[in-house]
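There are two complexes below, and they share chain A, which is joined by chain B in the first and by chain C in the second.
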Partner chain A sequence: MSEKYIHKKTLKDKLNSPGMLNILYVPVLILFGTFLIYPFFKGIQVSFTNWDGYSQIFKYVGFQNYKQMFADSDIVTVIYNTIVYGVGSTLFQNIFGLAFALLLCRQTKLNAVGRTFVYLPAIISPLIMGYIWYFIFQYDGGALNDIIKLFSGSQTNLLASTKANVWIITGINSFQFVGVSMVIYLAGLQNIPHDYYEAAEIDGASYWQRFLNITVPMLAPSITVAVVLNLIGGLKLFDVIWSLTNGGPGYSSCSLSTMMYQLYFAKQEAGLAASLGILMFVIITIVSVIALAGFRKREISQ
Partner chain B sequence: MKKGIRLITALTAALMVTSSSLMGCSSSKSSSSSTSSPVTLSMYSNITDVAFQNTIKEIASNFEKENTGIKLDITFPGSEYENILKVKMASNEMPDIFDTHGWAQLRYGNYLMDLKDSSWVSKLDSTIKPVVTDSKGKVYCLPLNEAKDGIIYNKTLLNKYGIAVPKTVDELVAAAEKISKASNGQIKPFFLSGVDNWMVGQLVDVMATPMLISAKTNSADALLNKSFDWSKWNTMGDFLLKLKNEGLVNEDVLTAKSTDLPKRFAEGKTVFCATMLSVADDVKAIDSSVELGVMPAPAFDSTDTPSFSGGERQTLGVWKDTKYKEQCLKVLDYFAKQENQEKIATVGKYPSALTGISVASTFQKDFDSNKDTRVFAYFDRVYLPNGMWDVICKNGVKLLAGQIKSSDYSSVMKSEFTRLSTK
Partner chain C sequence: MRDRNGKLNKILIIVLIIFYAVPFYILTTTSLKKDMDVSSKWKMPSYLYLNSFTNAWSKANLGHAFLNNIIILVISMTALIILGSLAAYPLARNKSRLNKFMYYLFVSAMIVPPLSILVPLYQFYSRIHAMNTFWGITLIHLTFQLPLTIFLYTGFIGTIPRELDEAALIDGCSRFGLFFKILFPLLKPVTATITIVTGVNIWNDYQFSLFFLQKSQVQTITVTLSRFFGEHANYVSWVAAGSLLGSIPMIIIYLFLQKYFISGLSSGAVKG
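Coming up: the complex of A and B.
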């Protein structure tokens, strides 16, 4: 007679079961809940009040803040600026990041030094980067004006120009973080097997043909990562704007985050600032989801 | 063995994550307030001038020596002081002692302890007493000094071009035009900063008093009962635009920072600026031969006389929910002592708010020669609702940038005044 041996579940088995893995999620969930989910819902709540940011009392005012936000003429400028900061930074960082990666991908000593120099600006605080570049663009005694004065005798105040200052800030932000894109593309390039290039060379493909037909398709995952990361970072831009122009003159170089900060602290309109925060969340989510979905599709089709 | 190490690593990692997430939570102050155990009081001040900060720290350490059970933990957050304190107010966790810098009643009022039983209250200057006391007799803070602000001017340059201190706006503009012409446009007499737009607000604020308040027929009552005709504000916009369009303001007004000012004064590139008296030390550090003076804001016509804007400058208030009430009051009494008030008046340059204190400081000569000049409370603190400061500054910069006209400035002042008054 064979006995059916029933394996009782011991404590050891319970601890080793896949279900127990879920307990390891708990600390992360607590962190997420405390610092991401709770503030988000509190922000939504505040956006329906007239809180000034520091009193212990406030009143619920319905959709008044949202109405006021959309009626404000500065909002259109600020949304436009935010998109320039996001899309513009992403464009420059990825084009130059890929160019640097292609230029510096071979393992020579010179290339290693080059890669370090390209990445170096990314390690300092964006606020400090803004202060450093302020010394270049400063009207009185700035490096740029010193050079221009040598040639033409007049001085220029680029940071005051409402058309130029947004692009200057975009450029400085791109300069600082182009190294990050470069690193992502370097990793992607290293994963492309050399055989493809050799086969293409034998078939007589030119550099451009090899680039377009081998490099770019194989880099599709890297492009997705780099573009989406840069996009989110650029749309949230704050520090470098703050230190260069403080969002000015007026609100002409403000992004959604700097305007939100000024509305909360300077104008003492916490409710309005919260509604702007929700708008920013919606815009970034939409842009990121579209970008991610679009690039993922390209990845799969490659 | 491997499984054991994995388990230990996992537990350590989980512990580290949980503990780091708990570190973010603020620890509750649970120490008892018995006078025998050593007590640490937190003190916040918005003083940015380093010499002034050192004087405060010196007075604090002398206090600690004489009162061994009490320690003072002083923080000077600098330009972010107001924002940091707003966040603290929102979470109802104020420092034990903090500076109210002009807003003791209007902003911090609900968080301040009544100090009316302190010994120094009887010594409060007659001009400052109504500013820090309300109708019920509550005393909101100890004023460390008293504001007496007008326009700071480059005495060396005025003497060089033989110009007397202007008493009316016309004389002021004429003086600026004279210096601009005599220097072939090299000197732009007025300095304003678009980035640190409080400078624009400061000029507007001190000029608003002669424009609307100090003359015999004025708009004080109209503003208080909200019947003011805001088209009168066009004069302010026109005044700023006149300075800008005649090339009397620094060319980089939109992008200059307040930190550029001391160098401009020292290099003789600036003549007039509405800013804090502490700039004198920064200028002296660059070029000790340059002398600065302070003049009251000039009148808008010759039937009126110039005026100073006054009120709180640096103060110390006590949080009404502090656990160490007696200790905080002791600190304030110590700062109110004669020798400490004299130290503060010398380094801070503003006159003391307590009677019987007089020192020889940088601007004392100008204050003495203006002994009979009227001092009005700061325009925006009395006649404008809380929150208008940003409106004045931001739209003043927009006006200088050519983004709005004088009439737009007035209409946005009117709409924000109405909106913020009814909050």
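Coming up: the complex of A and C.
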């Protein structure tokens, strides 16, 4: 029946059909094809070569770049750092983001000022945030060392410490973007009906019981969004590392992003850099899909 | 008991505010000091000295960088809003199988780490002569900000009742005219959110600008500052002054429009 109907349509009707509207996303499709999908597959191709990044000559070397990646102890360190940046930041940002949201959810003036301050760093360039913390952690005349000197009499160079620097950077990234998680949790908290708490209170539930049995399950969708966003952001961390330690000393605070930059521009190893890019893509996809699936399962349907 | 809880909360909030203010306080004191002044960064200088600001402004050529940032921001945002809202309209209104696939394709592009395609993109850009051009960097910003933009627009259009479309169609409006005349004006709140969130990303961008804007005429604030820091690492007060100058426009916009920053972001984020 519908076929007959279509035949009777005039050209003008056809142009006005819902299907015709699809041309509206064609420009976006072309952009993605040109600047995302094409380079991505090209990147896979480059990762199997020994290209240096500028010359015309290169050879296909099979899986050699990938083999080198896992044999090189520096790259193993870098993968470990990347995971610390991703998982560590996610952990901090969600625990503190939820804590800050609970602390600041009431509509008072002081709470509003608190929210303004906690979110403020999120609008500053991460590069500049790195410089600001450099003034605090710097060895000579750093603000933190002034305090340490007061108590111990000597100063320490925390950014040069290969054990501490990864965690310092994780902490700074969390400090900067905890506001985003807080805002997501604030919105989630607003959607929880008040009666639930009142009913629980009448039943004699303690604060912790209410928190664990009402707040956390009702916030599940917000937790999913915040966790996945933080994981993606943390795993591709670049700017703060760049401005604070440059990935050093050695490779001790390098992430996959910063190492790629060094391999490509400083060492002219485009092939290896491209294979690191593919590895980063695989890690981020796997981690975020697992997180998304894992957390979605726990959400209660409303 | 309630009262005591309230007091404890207040103290905690004040501690939190101080903690978040400290880095900005240190940045300010550092930028206001003379180069030879090695007193603690915790102390405000007792004199007024603004030369670091004028030095940073002229030596780093920050004025030019500001202009570049504004040009890139305005072109990118205009294109982003037009392309994003147009693409979201069929995705929200015509949920065929194809369109569902397209929606997931567009949105899942969000997880592609920009640097993972750096090497081929760099090669591609030098071939098409897009290096050191405003259009080149704009196309990259567009590509990487569109997933979030389409996600937010599609979600928002989905909440507008379809009856509105039907009424307009009956009145003889075409499906395309309907979008511009009826729907687009209704998208104001979500457009505000998108402008703010993606605008901050574009304004603060460092990784793309670092690779694709290497000539000094086209450099943005972040690239200029990092180069300045590399050259004058010993003059921390200059770098601090430059960082402060580079952040002030965003801080001012944030303080005036914070209700859009905070409420807008959350409304978009939770609906997904």
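The rule is short, and it goes like this: the second predicted complex is superposed on the first by the 286 of 302 C-alpha atoms of A that agree within 3 Å, B and C clash if a C-alpha of one lies under 4 Å from a C-alpha of the other, contacts with A are read in each partner's own complex, and residues count from 1 in each chain.
Assume a contact is a pair of C-beta atoms (placed from the backbone, for glycine too) under 8 Å apart; a residue touches a chain by one contact, two chains touch by 3 or more.
Because the structure is predicted, anything quoted here is derived from the model rather than measured.
K.L.:
Taking chain A as the common reference, can chain B and chain C both be placed on it without clashing, or not? Answer clash or fit.
P.N.:
clash
K.L.:
Using the touch definition from the top, say if A:221 reaches chain B (first), chain C (second), both or neither.
P.N.:
Touch partner of A:221: chain C, not chain B.
K.L.:
By residue count, which of the two partners contacts chain A more extensively, chain B or chain C?
P.N.:
The partner with more contacted residues on chain A is C.
K.L.:
Could you say whether A:53 touches chain B, chain C, both of them, or neither, answering first, second, both or neither?
P.N.:
both
K.L.:
Between chain B (first) and chain C (second), which does A:204 come into contact with in this model arrangement: first, second, both, or neither?
P.N.:
neither
K.L.:
Report for A:153: first if it touches chain B alone, second if chain C alone, otherwise both or neither.
P.N.:
Once the two structures are laid over each other on A, A:153 reaches no partner at all.
K.L.:
On the A-aligned overlay, A:29 touches which partner chain: chain B = first, chain C = second, or both, or neither?
P.N.:
second
K.L.:
Just chain B (first), just chain C (second), both, or neither: which does A:62 touch?
P.N.:
Touch partners of A:62: none, neither chain B nor chain C.
K.L.:
Once the structures are superposed on A, label A:268 by its partner contacts, choosing first (chain B), second (chain C), both or neither.
P.N.:
first
K.L.:
For chain C, sort through 41-49, 113-121, 131-139 or 149-157 and name the stretch that clashes with chain B after the overlay.
P.N.:
Of the stretches 41-49, 113-121, 131-139 or 149-157 of chain C, only 131-139 runs into chain B after superposition.
K.L.:
Across the two complexes, find the residues of chain A that touch chain B and also touch chain C.
P.N.:
Correct list for chain A: 24, 27-28, 31, 35, 53, 138.
K.L.:
Which residues of chain A touch chain C once you look at their complex with the stated criterion?
P.N.:
Those in contact with chain C are residues 16-22, 24-25, 27-29, 31-32, 35-36, 38-40, 42-43, 45-46, 53, 100, 103-104, 110-111, 113-129, 131-133, 135-136, 138, 141-143, 146, 180, 183-184, 186-188, 191, 221-222, 225, 229, 232, 235-236, 238-239, 242-243, 256-257, 260-261, 264, 270, 273-274, 277-278, 280-281, 284-285, 288.
K.L.:
Over in the complex, which chain A residues touch chain B? Could you list them?
P.N.:
Touching chain B: residues 24, 27-28, 30-31, 34-35, 50, 52-56, 137-140, 155, 157, 159-160, 162, 245-246, 248-252, 262, 265-269 of chain A.
K.L.:
Give every residue of chain C touching chain A within the complex, in rising order.
P.N.:
Checking each residue of chain C against chain A gives 9-10, 12-14, 16-17, 20-21, 23-24, 26-27, 30, 38, 40-42, 83-84, 86-87, 89-91, 93-94, 96, 98-99, 102, 105-106, 109-124, 139-140, 142-143, 146, 150, 174-176, 200, 203-204, 206-207, 221-222, 225-226, 229, 236, 239-240, 243, 246-247, 250-251, 254-255, 258, 261-263, 265-267, 269-270, 272.
K.L.:
What part of chain B is in contact with chain A in the complex they form?
P.N.:
10, 14, 17-18, 21, 24, 82-83, 85-87, 89-90, 92, 107, 110, 194-197, 250-252, 254-256, 260, 264, 386-387, 390-391, 394, 397-398, 400-401, 403, 423
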